[in-house]
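Take a look at the structures listed below.
Next come two complexes, and both contain chain A; in the first it sits with chain B, in the second with chain C.
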Partner chain A sequence: MSRVRRPLTPWAFLAPYAAAVVLLVVLPAVLNVGYAFTDHTGLTRDPRFVGLANVRRLLADGFLLDSLRASLFHLALAVPVRLLAAVGLGLLLAAPRPGGRWFRTAVYLPTVIPDVALAVLFLWVLNPLYGPLNQLLRLVGHPGYTWLADPTTARLGVVLMLAFPIGEGFIVVLAARRMLDGRLYEAAALEGCGPFGQLRRITLPLLAPVLVLLAVRDTILTLQVNFVPAYVLTDGRPANATLYLPVYVFDQIFEFSGFAYGSTITILLTVVTAAVITGLLIMLRRWRVLR
Partner chain B sequence: MSDARGVLRLESLSRSYGPVKALDGVDLEVRAGEMITLVGPSGSGKSTILRLIAGLDRPDHGRVYVDGADVARVPPHRRSVAMVFQDYALFPHLTVRGNLLFGLRVRRVPRAEADRRARAAAERLGIADLLDRHPDQMSGGQRQRVALARALLREPSVYLLDEPLASLDAPLRFATRADLLTLHRELRTTTIHVTHDQQEAMTLGDRVVVLAAGRVRQVGPPQQVYDEPADTFVAGFLGSPPMNLVPGGGVLGGTPDETLGVRPEDLALAPEGPVAVTVEAVEALGSEAVLLTRCADGTRLTVRTGPRPGVGPGDPVRLRADRIHRFDTATGLRR
Partner chain C sequence: MRRRWIGRFVVPAFFAAVFAAPLWFMVVGSLRPAGLPPPRGVELLPTQPTLAAYARLPELMPLFTYLANSALVVAVAVPLTVLVASLTGFGLRLLTPTARRRTVLGLLALLLVPVTAVWATRFELFRLAGVVDTYVPLLAPALLAVSPFLVLLYAWSFGGVPDTQLQAARLEGAGWLTIWRRLALPQVRPATLAVAVLAFTFHWSNFIDPLLYLTSGDRYTYPLGLRFLLLLNPTDWPLLMAGCVVATAPCVVVFLLAQRILLDDNPLAALRSGGHG
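Showing the complex of A and B:
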């Protein structure tokens, strides 16, 4: 009796991707954890083991506290704003309507613009003298803000910029909404359920799994993608208001040659991300959002 | 007004979707407590009629009267109608209880009262033990009962059933058909039932309305429509296998300007019969057999006989036609 040979084809297809994941993700991550226990500068080849010295430094670092505060502020504002924009526009533009194709394209467009280009564009948008945002405010009698010079408005400026590249979330909501059975809405209309009731009682509960997925994804993303706007718009200033964790990591590793310390902060970033997502999921379970 | 409760009237109802005329001047009056079956091929406008009555769509012309009142400006939920959709349209994220309570909650019925009514409707349809299940945890038949219970809770003047049995398998369809009839007898509420299944059309409903291409072809009690089809379309549509339609002057006699029709069961094997045919095929269906035959002039005739007819392909036989229907060839109308 011959043994059934397992086909190697699936593994052959998997191999290039697996190799890339190991080389580019797993290995650096493991090395990163290793470096966190050394005094590696990134410049020399002889890192020495220093135990928990970097962790002790972490606990006493005032800049890190500023950085953590900036990141959490950004997270708390950017995730809801981006989700609201993606869900709102997705639901609004899901129904076929004249010109809908153009509106949908317009919503997706900022996503294909490179981050740096969008950031440079926002340098102009947020310019206190001739930027369109302040000009709009002046139209309604408001003197406007010195956006990037004030800690709070600088943070708002970054959130505002990141409220535009929402294409992926928008497309997911659009597709998910279009998959919902139109008869459910007719059945609801027959029961006297108006548009707002239909949104609350049918659309949002049925989209809940998708929305949770988007929230988790956006939490991970938001904690990382604020690097480019912060670097281009404010370089972490004013008063460390936009010194988000990725910016601080970059500064430590590449500006101050603190490779090992930077590695420790990236681990902290991972822990913060995991903690926020765990909290989110616990909250959703308690609210019984998911079946 | 109370006299008119349950009366439904459609007046020259028309609706087009782009170039397609879904309905073309439909008139229909349904008496209170009557069960009407709308039957016709796909695209004949059956579901469009239901949607116009429910208010889910607006007619281009014509009016709908529910309980004697014109409902043109009445939104769907204020019309005294309840609809059961073909695929039931149950809310997948809600339990049976949630589905039944949906409308009551929207209408802000007090909680205790709503629970009591939902339970009563569930008990009536035998689904009281399923109240905590979700639709995806139930069989097609159970889902259909939930949809019916949801409609029941609206206590409407008119029920609209859009092919409620279409998604069920054959044995269940048979049982549910009987249940639907029983329920209708108990409630005595006006019901419009849409189907493309002829058996359903014949067995459910006090009257049947045959539709084709957006027009009403015939209205009447099922047996009458079957026995005296108003035109060749109805003759060919109702009945399985369909009526044999033969040009006049041919094997069944008649004049050249008429078309003659004879139902397969009205053709009988008879040694002395006037029509000589050759058997081409025999379909044995267990309780009966269907003979596909051909005459010398090429005319095909379908014959329904008892089981085991004792003839086979290639055998020459003679037929006797018992009831012949005559239609005008030009108009297709019954003479």
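Showing the complex of A and C:
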């Protein structure tokens, strides 16, 4: 063993993670594209090349159109609601105050509820007869809704459920807010800038990069990872109103043996996500948030 | 003065109550007797509280088998997650600033690849490897440190370890694993706790992977068991809420350990404070 050691090399530490990424993310993603051109069912071992047959099936698939519509509706409503909640509550609760940590803990708690439990809980909360939500509505004289039995309110119910687990974004906002320089606020206060002026002129512009990252992350989470709650809560019903793309992909791959077709939809899902994010970034650049 | 008080306490308390409400309704729902008619108004407190639903849980499903399976998975997956996240985070710490910035951007891009995009082919790979219906595929997220978020959390915390210390240890002839284990890790204990807690809540709640990979009923983890309970007793609300409480309670308890760090007035300082506190 040589006495003189070389400086620490970072690459040895990064290697296990890099290997896992290649094996569990990159390789499957590449294979996915390959399978999209076959007739693989997931049951037999010998997929055949079928060219663009899956793409043609995609274009003629009415369920897929329902699915796309459900996903986009959900996206348009859920992302702004979740983002507003995470940012609003993060900024509201960032300042130190007696018991401040317990307010933050209460806001974070729904995030630690396991997905399945959250879905089962919301089956109860949204229950037309027994559910607490309709009872609250009755307090203010509203007869209440049948929630999961009606297409529109079913979609709203899913959005409402997913407005609660916002902990990750909440923590990021809390941390980012702490990094802003307190002297900026003192200077603004001396200039006669009120709390809302400070929010608009200091906090939001300085937090813009973080907010963009959160918006992009949340778009993906909402488009693609809302599988579990939707699968347990409604499983696509009623009338395909909540047949979000991940639920449909799951049905195709694991229930209808349409492995190759499922791969094709997965690619479509990725393209839709990329398109939404690109649109988001272009919009933000136009608003000059990113300068 | 009163307006200031409203802004500082009343408004935050209102939102805290709104976010705590689902958990409250879960517990209250689990304490109702079975077969009671719908309540007239909002039931903020259980009228005739009973633990009967909890007693019926093990009668209707192999509750303790499921819980033991979940505990087994968590016992392996959480240390694995902490190991991968801390190694990778320390690797990031050692990169030059330019390389670090590029790698972090790469990580953020990875944050954007959802599990859904690789469901089918990852399943195919695990099937070819012959490990479907074992707990091996359930460890896949752990090898990816669950989420790049946890890697970045570690990378930030290791940023507090001064370069001079690393170089001094190196000059004294310490190997790189020794430096990581004996010098760096002890300085970021709060980060380790936070990562372990977040990893616990993820693996304990993981539903997708067991759903895809576990087929034998006696290997089910608890979240699968809860869905099984829902399919068998779709309207037995006290029973289902009791099942939810059992699923949620470990996560809440474990999270309360970490809130001291993650939700501190200054979370970034709290993460790094291990060496001195």
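Basically, the second predicted complex is superposed on the first by the 282 of 291 C-alpha atoms of A that agree within 3 Å, B and C clash if a C-alpha of one lies under 4 Å from a C-alpha of the other, contacts with A are read in each partner's own complex, and residues count from 1 in each chain.
To be clear about the criterion, contacts are C-beta pairs under 8 Å (C-beta built on N, C-alpha and C of every residue); 3 or more make two chains touch, one makes a residue touch a chain.
Just so we're clear, the structure is a prediction, and the values are computed from it rather than from any experiment.
Peer 1: Following the overlay on chain A, give me a clash-or-fit verdict for chain B and chain C.
Peer 2: Taken together on chain A, chain C would fit alongside chain B, as the superposition shows.
Peer 1: Could you say whether A:Glu191 touches chain B, chain C, both of them, or neither, answering first, second, both or neither?
Peer 2: In the superposed model, A:Glu191 contacts chain B only, not chain C.
Peer 1: Put down the vertex angle at chain A formed with chain B and chain C, C-alpha centres only, nearest 10°.
Peer 2: 80
Peer 1: Scan A:Ala29 for contacts with chain B and chain C and give back first, second, both or neither.
Peer 2: In the superposition, A:Ala29 touches chain C alone.
Peer 1: Between chain B and chain C, point out the one touching more chain A residues.
Peer 2: Touching more residues of chain A than the other partner does is C.
Peer 1: Going by the contact rule set out at the top, does A:Tyr130 touch chain B (first), chain C (second), both, or neither?
Peer 2: In the superposition, A:Tyr130 touches chain C alone.
Peer 1: Please indicate which partner A:Arg183 is in contact with in the superposed arrangement: first for chain B, second for chain C, both, or neither.
Peer 2: The first partner, chain B, only.
Peer 1: Give one of first, second, both or neither to describe whether A:Leu199 is in contact with chain B, with chain C, with both, or with none.
Peer 2: neither
Peer 1: Just checking: does A:Val272 make contact with chain B only, chain C only, both, or neither of them? Give me first, second, both or neither.
Peer 2: neither
Peer 1: Could you state the shortest Cα distance, in Å, between chain B and chain C after the structures are superposed?
Peer 2: 13
Peer 1: So in the complex, which bits of chain A are touching chain B?
Peer 2: Residue positions touching the partner: 181, 183-184, 186-193, 197, 201-202, 205-206, 208, 291.
Peer 1: Could you please specify the touching residues of chain B with respect to chain A in the complex?
Peer 2: Those in contact with chain A are residues 54, 56, 75-78, 81-83, 85, 87, 89, 91-93, 102-103, 106-107, 134, 150, 154.
Peer 1: Taking the touch rule as given, give the residues of chain A at its contact with chain C in the complex, in rising order.
Peer 2: The contact residues of chain A facing chain C are 3, 5, 7-14, 16-17, 20-21, 23-25, 27-29, 31-32, 35, 42, 89, 92-93, 95-97, 100-118, 120-125, 127, 129-130, 132, 135-136, 138-139, 164, 168, 171, 174-175, 178-179, 213, 216-217, 220-221, 223-225, 227-228, 232, 245-246, 249-250, 253-254, 259, 262-263, 266, 269-270, 273, 277.
Peer 1: Applying the document's contact rule, which stretches of chain C touch chain A when the two form their complex?
Peer 2: Per the touch definition, chain C meets chain A at residues 8-9, 11-13, 15-17, 19-23, 25-26, 29, 38-39, 41-43, 84, 87-88, 90-95, 99, 103, 108, 110-125, 140, 143-145, 149, 151, 166-167, 170, 173, 175-176, 179-180, 201, 204-205, 207-208, 212, 223, 226-227, 230, 237, 240-241, 243-244, 247-248, 251-252, 255-256, 259-260, 262-268.
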